[in-house]
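Below is one structure. I have some questions about it.
Chain naming follows the written order as A, B and C, and within any one chain the residues start at number 1.
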Amino acid sequence: MNTIPKKSFVQKWHVKAIIWTVIILALFIASCVMTGVDVGAFLTGFNQFMQIFYEMLKPDWSYVPFTIQPIIQTIQMALIGTLIGSIVAVPFSVLAARNIVTNTLVRGVIRFILNLVRTLPDLMLAAIFVAVVGIGPMAGVLTLAIFSFGMISKLFYEAIETIDMGPIEALTAAGATKTQVVWFAVLPQVYNHFLSYFLYTFEINVRASTILGYLGAGGIGELLQRSLGQFRYDRTAIVVIGTFIVVVVVDTLSNQLRERLQ
Amino acid sequence: MTIKKTFWQKYEAWIWAAVFVLIYIWAFSGIPVTGIQAVAGEVTKSILNGLFHPDFSYVYTGDGEDLVSLLLQTLAIAFAGTLASAIFSIPFAFWAARTKKGGLHVTSSTGKLFLTIVRTFPEIVMAIMFIKAVGPGPFAGVLAVSFHSIGMLGKLFAEAVEEIDRRPAEAIIAAGGTQFDVLVHATIPAVIPEFISLTLYRFEIAVRSASILGLVGAGGIGAPLIFAIGTRWWPRVAIILLGIIVMVTVIDFLSGYLRKKLV
Amino acid sequence: MQEGTPIIEFKDVNKVYPNGTVGLDNINLTINQGEFVVIVGLSGAGKSTLLRAANRLHDVSSGEILIDGQSIVTAKGKQLREVRRNIAMIFQNFNLVKRSTVEKNILNGRVGYYPTWKTIFGLFSAADKQQAAANLQRVNLGEKLYSRADELSGGQQQRVAIARALMQEPKIMLADEPIASLDPRTTMMVMDDLKKLNEELGITVIVNLHSVSLAKQYASRVVGLRAGKLVYDKQIADVQDGDFDEIYDGKDQEVKGA
């Protein structure tokens, strides 16, 4: 006689899925209450929203010349921030890699620092750096340097953790110092990854740098803040379009280069 | 016997290095280093001093304007925004996903373009537009997070749809099933875990952005933070920073744990 | 060159891995200058462990290992690196830096002779660069100097690894199953290369092998390991055909326990 194996109660009624759904729904409702979600208000206010949108649909093209210099500055900030961030990231990532540093304490401390840095939102860093070094692109550069340092260190050490350990043994056996081992056996294996991640981080930094100016940290974001403050949404539109073009161009170029690195 | 390197072998690295150096000379020329304030050292000192003496009295006061309440509000903005966005992203993902091979992809290309535009549209601007619509407060934050997230989640979902294994779908078609059967029995089961994992990942990002949306009045912990920075109230800044760090760390950990369990 | 002087001495060497596995069990072994020693034994017998103890890629648990009269067990820092410099090693998987050129890989064998900062700026002497090319020609790959290592076949890579090892001007060459991933013809080439270094340059060679026939063909002395113990040690002239059955089929501990 054929007997069909019985599903357990938990399987049969998808108990887990149901519990999760209930939890998520409860959290969602709680979140909506806490944040005062009000669909009615949204619908009645929607024409306000659309009004800004309509104004943005009639961009003030005469504003374009004023955006060129800030856009260039945005790219320059992103370039420098990425460079500083990645240079500092190299030693940190080597020290954070499980296969290079066997000392769990050193690795733990380094990773703790990296995790800490990665928790800080970019605009928050910008606000602090503007307070420290004053309004201007320096604050933006420092923000991007710290922001990309956290991100790129993680990408770097994960790349290092996938390398072939053979050359490390070979160099060690030849009497190399630790530094020589890293320089000759580790870095050559990862520098393509490094370059690729460098470009990727640059893309992200370009995106990030377009809004840092909102807090006074240089670049195109300053115009964003100014036009919004003056309710000149036709100019905001120009800034948004400029941002879009820059981001797309940089992404495309960087993607092309990264593909060549494969 | 002597072996000669070709021109390219010999100079490639140098040429790239030169290009790189030139780009950076250009970049540095655009950033005035003179921008450092005379008081920078002093401010740094007071910040560090403040960081070592966080204003613990702010942690909980019971008036709803304290650290814990506002961090919870930040989380609520991120959670509601992300979940709503995940649901709205699904149709966009199917719009932008390229599921058939060869030929032109007018539909998927316009979908992708749309998502790129949404993704690039500054979240801050979006928040301000929503503030005009519903007034300042966390609800505007929820709206900004959910609309902005569609740009990224839609793209990630679309990529997940593109990458699913086509063979179960073919099996269903071969067995005489309809496109609807394919959707229900092959596509959805395959993409659900992937979608959940991506949503969790996006939630981690949303928590970070929700904690700064307050800068423009869209609720959460951002407003008191920017106020404290503006008034150079460093002990207050310090406690808020600590709060954000703890919150983000806990969320990253939980989300990472759940994502690991999913695969 | 004085043949017959000890160059490697293992004295009561034990090695227990952190997980409790016994790698080496009370090894006493003296290898003399100019010998071509082949180590045989079943997989897991401890051959690699023995070689890696000799240049301290692995630390031993107890006992003493002398290289040219100097302890490598207690050596530290610069002293350790200088001992290692005299001991070249080649590996089953070649261990080349795949993305670097052959020339760079060969020069990697020389870094122990330079201060760190000089090597980082690539300041190898012209004489060493010449030597790198010459070593590559010695293994008949002269024209590959500027190729990337991953463009070479396995056999070619192993010969590059030999050229790299030669850059160390070693007194001792350790080879851990250098031919395990090579075809029969390339195997012969690599083994011939090793034999040539042994005969022409007087380098003491120690090779781990799985092949008994190769051992008989090339070795001047055969050492057998089983479960971390030294169970066989004869000059090639004394090796009998049946001997190897003893190493390979002898009751090893796992069998005994079963």
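The rule is short, and it goes like this: contacts are C-beta pairs under 8 Å (C-beta built on N, C-alpha and C of every residue); 3 or more make two chains touch, one makes a residue touch a chain.
By chain, UniProt protein names: A, B = Phosphate-import permease protein PhnE; C = Phosphate-import ATP-binding protein PhnC.
If you're wondering where the values come from, they're calculated on a predicted model, not measured in any experiment.
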Chain closest to the assembly centre - both centres taken as Cα means: A
Per Cα centroids, the chain farthest from chain A: C
Between chain A and chain B, centroid-to-centroid distance (C-alpha), Å: 7
Centroid spacing, where centroids are CA-atom means, of chain A and chain C in whole angstrom: 47
Distance from chain C to chain B - Cα centre to Cα centre, in angstrom: 52
Chain B - residues contacting chain A, complex: 23-24, 26-33, 35-37, 40, 43-44, 47, 72-73, 75-77, 79-80, 83, 116-117, 120-125, 128-130, 132-135, 137-139, 141-143, 208-209, 211-212, 215, 219, 222, 225-226, 229, 232, 237, 241, 244-245, 248-249, 252
Touching residues on chain A, where the partner in the complex is chain C: 164, 166-167, 169-177, 179-180, 183-185, 188-189, 191-192
Residue ranges of chain A touching chain B (in the complex, touch as defined): 24, 27-28, 30-32, 34-38, 41-42, 45-46, 48-49, 51-53, 72-73, 75-77, 79-80, 83, 115-116, 119-121, 123-124, 127-128, 131-139, 141, 207, 210-211, 214-215, 218, 221, 224, 228, 236, 240, 243-244, 247-248
Contacting residues of chain C [partner chain A, same complex]: 55, 57, 80-85, 87-89, 91, 93-100, 104, 108-112, 116, 119-120, 161, 164-165, 167-168, 174
